[in-house]
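Shared between the two complexes below is chain A, which has chain B as its partner in the first and chain C in the second.
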Partner chain A sequence: MTALGRFGGAVLDICRVVGALTLFCGAVLRALLPPRADRVETWRALHRVGVRSLPIVIVTAFFAGGIAAIQVSTYVTKFRAYEAVGWGFGFVTFRELGPLLVGLMFSGRVGAHNTAELGTMKVTEQIDALRILAIDPVHFLVLPRIVAMLVMMTLLNVIGNVFALGGGMLTAYAMVGVDPFVFWNSFTEYVMLADFINGLVKAAAFGLAIGIVSCSFGLEVRGGAPGVGRAVNSGVVVSAVSIFVLDYLITAILQ
Partner chain B sequence: MSSDSNHMISFEGIHKAFGPKVVLSGVDLAVREGQICFIIGKSGAGKSVLVKHLVGLLRPDAGTIRYRDEDITGYTERQYFALRHRCTYVFQHSTLFDSMTLQENVALPLRKHRGMSLRESADAAMSYLEKVQMQDMARRRPGDVGDGLRKRVAIARALTMQPEVMIFDEPTTGLDPISAVNVDALIKALSDSEGVTSLVVSHDLRSIFGIADRVVMLYEGKVLLDGTPDDFRGSADPIVHQFVNGLPEGPMAL
Partner chain C sequence: MIRLEGVCKSFDGVEVLRDVSFAVPARGTLGLVGAGGAGKSLILKLLCGLVRPDRGRVWLGETELGPLSERELMGVRGRIGMIFQNYALFDYLTVADNIGFPLARMQRPAAEIAARVQTRLDQVHLPDIGPRYPRELSGGMKKRVCLARATVHDPPIMLCDDPTAGLDPVTTNRIFRLLKDLQAQNDATAIIVSHETAYLRPICDAIALLDRGRLVFAGPTEAALQHPEVRAFMEAGVRPAQAR
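Coming up: the complex of A and B.
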């Protein structure tokens, strides 16, 4: 195949994915009028998504906070601006690093699991079995998962912020010798509510994107077990791309 | 074939192809209320494909499907949801939900369609599990029980829809002889006591001669034989003869 052919094939693949996601979003929106998510399944999904993700989010956030503190510390030491370390850390972590890293971890952990679960249900005819029982798979399987990912990604981001703060404070003290009291003062004085909300908006958007992408790829699986593997792989990649595109757009809009 | 008010279900000139492979090429079949109709044929003959059209899991390329004289061919998925309360399907591989216990599997349609609470639906599910002698395993998950037991639970789950038509896709395939007899007895009892019309896709000659009211054999995308089990057994058609006697040599290509 020529380079032009490969390029054309790649463009067609992108169009196919975007088209499928658009149609899927349409089906989800229709299911919201009025909202008919299964309550029991929604609680189960909230519990499953939240509990499953909490440890990894805590670890990610703690180290993300530490990394932000190290990066900021380089300049803090250079300019001897120790009182700016809390601000620099908070600005970078709450606005950007926290939601981005938690989103990527969430996509790899929960999104991949979700695609695999729905994909397996598809290839083993469990989705058809739901239809035969006159239960709409979008209402029963998709909406609860999307709601769970949206809510839990936002909540986990808040929890992650707390652990990132701990990680940042500890690292700043251990590596640069910034007193935690100075760090905290700088943090509370300069980090605005808007920085926190900015991160929450991103987390919610990432959760929504991961939910839509992972469910869509799961329900579109074809070709048995290898198809499930391919869908999981593609779902994680598309989720990651969606996270970066949304991050770019939200950053530009809320700047 | 014209529709007949005595017929509960009718397939008229059904054509279906998957890409270049033509599976059904003009199937005509009508089933009366309360009948146990077996659809037989060699693997790949289109038996499951045909019956999946009735519940909207597949759409025909051409032809008409009627249910109680109503043309359902162009039904939307939403319209099929209403039909599936009356006409349900038991899949070949049971398709119980892995994440739920057997009891939760059976309770799900009760909770969704009869407005029962979790507790009420769980209690009601036990009575359906009793019908298939599975009440003692209610708390197990589908992966923890064998094929035969899963099939019985799948039938119990289908019964919660209180259907007037049940489609069984190879209900006894892979079962031990005792489980197979139990499943056959259950299908027969549903017909006798509740008047359920059954469409059974099967290769199992013992089941066919045991409980069928009528046998329809598909071959090369068309109905080759339509009659009673005795017609089937006594047919002079060489293809039917080869099938009934399980002969490796004959006109039917493997």
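Coming up: the complex of A and C.
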């Protein structure tokens, strides 16, 4: 195949994915009028998505905070601007590093699991069984999962911020010798509510994107177990790309 | 009454069903036979409205499925009990919750659900497995649980997609007997897709033979056994083309 043919094929693949996601978003929006997410399934999804993701989010956030502190410390030591550590850390972590890393972890853990679960339900005819029992899979399976991912990604980001702050403070003290009180003062003095809200908006958008992408790829599975594997792989890749595109757009809009 | 009129269906340019027409009278039992890939399972999906025909009409009682929206189809599907080839039990629910699921969705009282679930479990000779999960069951047990779930809401139409695939003769016999009992109990109209032709003969009023998407024969069981192609298939599993 010529290079032009391969390029054309790749463009068509992208169009196919974007088209399928757009149609899926349309189905989700239709299901929201009026909103009829299954209550029991929504609680189940909130528990599974939120509580079980907590340990991995805590670990990720703690180290993300540490990494941010190390990076900031390089310049702090150079310019002896110890009182800027808290600000630099907070700005980078709350606005960017926290939501981005938690989002990618969330996509890898929750999104992949969700695609695999829905894909398996599709190939074992459980989705057809639901439809025959007069249950709309979008109301019963998709809406609860999207709501859970949107809510929990936002909440987990808040919890992650707390642990990132702890990680940053400890690292700054251990690596550069910045007093935790100096760190805290700098943090509270210069990090604005807007920085925190910026991160929350991103987290909510990432949660929504991961929910839509993972559900869409799960329900589109074809071809048995290998099809489930392919869908999980594609779902994680598309979720990651969506996270970066959304991050770019939100950063540009809220700047 | 279940009726198909001139139904055609293609996937990706491949014609899977060609001009298929047959009818099953109310409270009748049709055995749908044919080699793998003949289009038997597709016919069941057309009857549930899970797949729409490219041409032709599908009727369940007085309702034609073609013009119905997905939301209207939901109402029609409530009248159907379907047994899936791959069980299609919900992995995250216990056996009791699986069987009671249709009733729970109808918002029946918990006590009534529990009583009806236990009755069905007793009928399928699995009285004690309510708290277990589908992953803990054998294939034959899953099939019987699937049968219990499909019939717990007393549907007037039963569609069975190869309900004994991969099961031993004892379990196969038990499942066919159960099917017949539950159908009689519910006064249901049934279509049974199966390769177990020896078991189908005594319980079916009519037989239909499909070959590569084409209906070879549909009629009363006695007449089917006189038809050379059906008889060859029923007796030896010979493809209609080979019987000619």
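What we mean here is this: the second predicted complex is superposed on the first by the 255 of 255 C-alpha atoms of A that agree within 3 Å, B and C clash if a C-alpha of one lies under 4 Å from a C-alpha of the other, contacts with A are read in each partner's own complex, and residues count from 1 in each chain.
In the analysis below, contacts are C-beta pairs under 8 Å (C-beta built on N, C-alpha and C of every residue); 3 or more make two chains touch, one makes a residue touch a chain.
The shown structure was predicted, so the numbers you read here are calculated from the model rather than taken from an experiment.
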Joint occupancy of chain A by chain B and chain C, clash or fit: clash
A:Leu133 touches, of chain B and chain C: first, second, both or neither? both
Larger contact residue set on chain A - chain B or chain C: B
Chain A residues contacted in one complex by chain B, in the other by chain C: 120, 124-126, 128-129, 131-136
Chain C partner contacts - residues on chain A that touch it in the complex: 120, 124-126, 128-129, 131-136
Touching residues (chain side chain C, partner chain A) in the complex: 45, 48, 50, 70, 74-75, 77-78, 80, 82, 84-91, 101-102, 105
Chain A - residues contacting chain B, complex: 38, 40, 117, 120-121, 124-126, 128-129, 131-136, 140
Parts of chain B lying in touch with chain A, wherever the complex brings them together: 55-57, 77, 80-82, 84-85, 88-89, 91, 93, 95-99, 108-109, 111-113, 118, 157-158, 161
